[in-house]
Amino acid sequence: MIQSAVNSRKIINDPVYGFIGIPNDQIFKLIEHPYFQRLRRIKQLGMTHLVYPGALHTRFSHSLGAMHLMIQALNVLEMKGKKLTEEEKSGAMVAILLHDIGHGPYSHALENSIVGKIKHEEISDIIFKQLNDISEGNLGVALAIFDHSYPKKFLSQLVASQLDMDRLDYLTRDSFFTGVSEGVIGTERIIKMLDVIKDNLVVENKGIYSVEKFIIARRIMYWQVYLHKTVISAENMLINLLRRASFLSKNGVPLFTTPALQYFFSKSLAVDNIRDDPEFINYFTHLDDYDVLTSIKNWMSHTDKILSFLSKALVNRQLFRCSLQAEPFDYFYIENLKDRISENYGIDEKDLSYFLYHDTTSNYAYNLKADKINILFKTGKVSEITEVSDQLDASMVSQAVTKHFICYPKDVEN
Amino acid sequence: MIQSAVNSRKIINDPVYGFIGIPNDQIFKLIEHPYFQRLRRIKQLGMTHLVYPGALHTRFSHSLGAMHLMIQALNVLEMKGKKLTEEEKSGAMVAILLHDIGHGPYSHALENSIVGKIKHEEISDIIFKQLNDISEGNLGVALAIFDHSYPKKFLSQLVASQLDMDRLDYLTRDSFFTGVSEGVIGTERIIKMLDVIKDNLVVENKGIYSVEKFIIARRIMYWQVYLHKTVISAENMLINLLRRASFLSKNGVPLFTTPALQYFFSKSLAVDNIRDDPEFINYFTHLDDYDVLTSIKNWMSHTDKILSFLSKALVNRQLFRCSLQAEPFDYFYIENLKDRISENYGIDEKDLSYFLYHDTTSNYAYNLKADKINILFKTGKVSEITEVSDQLDASMVSQAVTKHFICYPKDVEN
Amino acid sequence: MIQSAVNSRKIINDPVYGFIGIPNDQIFKLIEHPYFQRLRRIKQLGMTHLVYPGALHTRFSHSLGAMHLMIQALNVLEMKGKKLTEEEKSGAMVAILLHDIGHGPYSHALENSIVGKIKHEEISDIIFKQLNDISEGNLGVALAIFDHSYPKKFLSQLVASQLDMDRLDYLTRDSFFTGVSEGVIGTERIIKMLDVIKDNLVVENKGIYSVEKFIIARRIMYWQVYLHKTVISAENMLINLLRRASFLSKNGVPLFTTPALQYFFSKSLAVDNIRDDPEFINYFTHLDDYDVLTSIKNWMSHTDKILSFLSKALVNRQLFRCSLQAEPFDYFYIENLKDRISENYGIDEKDLSYFLYHDTTSNYAYNLKADKINILFKTGKVSEITEVSDQLDASMVSQAVTKHFICYPKDVEN
Amino acid sequence: MIQSAVNSRKIINDPVYGFIGIPNDQIFKLIEHPYFQRLRRIKQLGMTHLVYPGALHTRFSHSLGAMHLMIQALNVLEMKGKKLTEEEKSGAMVAILLHDIGHGPYSHALENSIVGKIKHEEISDIIFKQLNDISEGNLGVALAIFDHSYPKKFLSQLVASQLDMDRLDYLTRDSFFTGVSEGVIGTERIIKMLDVIKDNLVVENKGIYSVEKFIIARRIMYWQVYLHKTVISAENMLINLLRRASFLSKNGVPLFTTPALQYFFSKSLAVDNIRDDPEFINYFTHLDDYDVLTSIKNWMSHTDKILSFLSKALVNRQLFRCSLQAEPFDYFYIENLKDRISENYGIDEKDLSYFLYHDTTSNYAYNLKADKINILFKTGKVSEITEVSDQLDASMVSQAVTKHFICYPKDVEN
């Protein structure tokens, strides 16, 4: 059983689960490390709080929450007779604890503007290995579980699959802090129903309704929260704001930026060279939500009118109107909007893309091509969930839903 | 606005919504009437508490809860500019308050055994009219709303349709008391999104995800709670127990029964003659969960071994094993079970049906043939939900799911 | 660690804690026993549901909930290094599971009317010993913990003391089902702070505010719920109703009663003779809420006007007016009420006590004379809570608050 | 009734209350104003999230929440027959909405370091008047209610008194986001029990337990959260950090600071001159949590070792050890700590105050000298709560509890 040989007094208050216990000293040290503490300053849902004001929770809380669920899941598997070593259990906990360690602030927006081609997975990998060096190589099992090379596949599946502790925590937590009850799922029931067959994670038949609910709740949360049209608007404003600032900076226009953000404006980064560059990780791990917003606040009075307009709009929450629909937007409708923007704002055609964003966004509830969710029957038979569910139609649930969006300043509206 | 000219101090504590205010004196009097107080003694979910021990909530609480939601819904409609008279508002509240007034104890089981062909809708109708007489005819609008003859159709739809206050309350309430979080729905959000177009209830486009979630949550609650295999088992045991007692009684075997239950054992009731029979309503409104269970408890020591066996099994929760599956059960499997039952219990073939129940049960999440759920777009367009939902496939969600079940004593299992 | 060698699949849904796991086969068998299943038919709070309609939860759920907290408490103590054998852990769980096994329906009311001088503790003791015989003597440690004779005193304190698992569960549970948020306490925090010093239960200093809150919340629940004036009214109506029925029965007046209730009407029971009387336990364990209410329902049409009046009033919730105050009621005020009752109801003086109840009720939040609640400081010092609390004044909190009440039919009011 | 003539579609998601409706256009415009949007960037509880990681909620959410409770309270008073004009209702809502508008980031810390003698009440007053000018003088009633000069005193009491909507919201909200269930109070019940006697707010007798619980819960929240020793530690580190930065800045040492923070470092502000200084309000309303933390992050690499030490400690959460006790700390104990700090850190005596903080902190649950909480009895009698409560001892509850604290780096501990 977990938690026995432990720093038993350390508990963290969490409004979602009540208390989260820290299972061992190694994990305690990782949590105390500045790389992990940094996650306290990175909101889980970026700009979503402009729509759901309670959604200020951080990747720090989410990572701890996912670890808490991992501990419960490992307990359940042990009670069902799976043999796990202390090293494996701790490894799985560390792997989920650090699964987001490579995320920067406003991840999606930064990857689409200044951080360039470097994905957070790459950075995770680098940081994870640094922490391993600091931990005298003790994170070996955790690393293997994290990069899916550990033989007991189910441990990696608990960290990253279509029914992992990451998803269970973020749905529960995002639902709690946004107040969107549509995202409430039966986390505890799902975890109680987990089992392992031939090294793969399965869910007992009795838990099938809870898994269906989880898949559907996740899809609803996508459209109700993560891809809410006003959230799309705010995020695209942020992307274009940073794109403008970066453009100005590269063209020598003076610009207030915090030192950490300055680094990213001044560099053209590629994965290949960051691996051997200690400066990159140093700056990256100093960058957080505070750098981004503080810089934007100061750009409100910049002389570049595009930069200052977008900065004021985002800071004071004068968000662009955003429409979201299944069909592409009409060509003439878009051209008409462009004309009005040019006219209202005195904007050249080449700069119109800072004021009008149109693109598509898509989401699928369940991916048949990825690690599937498998259901275990009492007879021992294992079936993929959409084959045995009355509620989920495989072709429907596994199909990406794509929507077109267009965002533009409210005052140019017809 | 509602609640203004009111017995403003009367509030009822409700663990689901906090407080339920009683909106006017007429409603206060109806709640105080013995016909309504009787609902305190009728559990909303019959035998379900044998599986979910918290599910002891009553039709009394549910009726008040549904009225509470009605008040909120009417407030929303008024704020959106719909004109409603005090009489209409009070009528809608009374209609939902009394929508279950014709339910007896363990409704489904009694309708399948002793009450015979009389449906609870018939009895509702009779009681409703009696209360109208007592209220000096003031329930006219309520009655019209209740029987769907009132011109403003949306008022009736709030009482009984596929998105009515009844369903919103029972899903929320049953989810609360069973502890099945899969049933949690965004009641408040749905109500805020209600509107009326051409006298029909619609939901604003922004509420579409909440409605999808509601449809799906309802389906999940069916299989997870209402048609849970152990609930099916308990309910069928009850049906057969009452069938046996009725058979013995009609054959002159002495039997403890409470007076109210005795009446139903001794009569062959038909709708036609109950309307003019004051005795029927008198006995019916004295019959509740207490009569049924008290009688069963006393049958545990009856000399009829079928009756005593079933009574003991139900009271002491030695429930029959129940299997539920998509395909029919194999003929030889059933025959083999029958043989074992005959052997183990020394039962004649003619009595086997008391020990082995096999049948089908079915449920659909959404009925395309009934009153549809309509979505209102900003453009003014109104569309049926499955036409515009990405999540709900019309053919799938509106198709009845039918399952076969078989229940039998645990000790005859292979 | 607990739960390891276990019937791991058995879990019970509980709306308060989510799931309650059954820790071992012995406990599973005790739960399945008819003596324990009987608690499903005994409401935890008797007539309180007439004021708080959600309060229909049973001693069955409460007993399971208290066991669930015991499991958590034992886990905490083990993690803090206390050595406990499997037998001791299971013993403590059984002791709390069965702590209410001797309760009959509407305990307080029956003890004040028909059950006479036999306390539920006596009956618990008899049933506990019977279950021990059935369990082949395996409940020895549980029995010792239950009757406070086991050497490790803290195990008994977890079962019955001023900070036991019984109180923690009932406050949490009663608060949940009544909807009275004033009773919400930090159960999880208190349990995490438990420790043992010299075989006595203590609470770590960090938990002091949670304990203060617990003491105060308990007092509030007393006055807001347990001793709510309308609850006092209903309970006293029940006491007097049963007293009347018993009186009639003993005087040969024919009366509908269920067989189990009939036994108690016909006997004059004393502790001494029930120990050797198998009939007593047989009837007692068949008696539950259903016998009492079913009988009362039938008394509504009895020819004795006192019995029928009280029965109708209770069943239809026409409860007596009740006043509660710090000072005794004025003599002339009472006499005046008596006169009006005599006049309105045509009641002889000797029967007035069926229509007018006046007495006192009292409660103390914390009893300095009983097992004290002790706080452990980091220095190792242990102090009684009121000595170290800024919030709790020993003389105030430990003083019984006594109130006078008077209840009488509403229509005789001045 | 409120909410009738309204921008009825505007609703804000709030995890605490579900939805918060915006009652009218004037209030909608105030919420949209940059002065109010700024509150999105000021955490309600400053550094408390370092102890309770969920406590990231802002003054924005709190202000909306308090307005939501105000709407409910006004509804209750109207239903009880109090006549209120639309202007008064809107005025009371605006007054509570803006009650925190003068708060800067980390209020307490800034008032103790750089902002100097200017209290947030002063700034509130200035901003409130500016908003009134912008609103064409329409905030007159709101202003009068806010500064307690409006004749209907109860409106001001709803905004600021010992039982105001501010306290009801912050206790509920802080309890929700910290996860400290000890702070849960019966907000809804208290509001339902409000009434007005002779222009003063009272609580009906039936709500007395809820008010007692509120007073006690508030005291518990003080010691468990607001004055938690680790929160005291973090806040004092922040105070001293800012004090150091201010000192360096005033002595001409180059220092990264955001422009808004720079302004406060460079000025000696006094109430008198800020009133006529548009620059002050301009900078003040641009200052938020982001300026403070971004500056501190950059000070981590400053050459001043005191500044960099404190900055790193706060950012990486290497918080000072803090002890809290009733008695003053021993002189020799403190001197010994100072010696160790000097030695470990090579600190001069004059700088020791940056590394060792000792002071007192105090709190009282209920202030007998302020606006009292009054209870209304059915007889019409009104009594101050401690006179009629069984639970609250006036002398105890109204007495300030003072504690001594001492904070110092962990590694100097004996």
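Just so it is clear, A, B, C and D label the chains in written order, and each chain counts residues from 1 on its own.
By our rule, a contact is a pair of C-beta atoms (placed from the backbone, for glycine too) under 8 Å apart; a residue touches a chain by one contact, two chains touch by 3 or more.
Just so you know, these numbers come straight off a predicted model, no measurement behind them.
Enquirer: When contacts are scored as defined above, which chain pair ends up with more C-beta pairs, B-C or C-D?
Expert: Between C-D and B-C, contacts are more numerous in B-C.
Enquirer: Quick one: point me to the chain whose Cα centre is farthest from that of subunit A.
Expert: So the farthest one, by centre of C-alpha atoms, is C.
Enquirer: Rounded to a whole Å, what is the gap between the Cα centroids of subunit B and subunit C?
Expert: Chain centres of subunit B and subunit C, defined by C-alpha means, are spaced 32 Å apart.
Enquirer: Between subunit B and subunit D, what distance separates the C-alpha centroids? Give it in angstrom.
Expert: 49
Enquirer: Between subunit C and subunit D, what is the gap in Å from one C-alpha centre to the other?
Expert: Result: the chain centres lie 42 Å from each other.
Enquirer: What are the residues of subunit D that contact at least two other chains?
Expert: If we look for residues of subunit D contacting two or more partner chains, we find 18, 180, 189.
Enquirer: Which part of subunit B faces subunit A closely enough to touch in the complex?
Expert: These residues of subunit B touch subunit A: 180-182, 184-186, 189, 209-210, 212-213, 216-217, 219-220, 223-224, 365, 390-391, 393, 396, 401.
Enquirer: Which of the residues in subunit A end up touching subunit C in this complex?
Expert: Going by the criterion above, the answer is residues 1, 3-4, 6, 8, 11, 18-19, 79-80, 188-189, 192.
Enquirer: For a test of understanding, state which residues of subunit A touch subunit D in their complex under the given definition.
Expert: Against subunit D, subunit A makes touches at 12-16, 18, 32, 34, 37, 40-41, 49-54, 56-58, 60-61, 64, 176-180, 256, 258-260, 286, 288, 290-291, 293-294, 297-298, 315-317.
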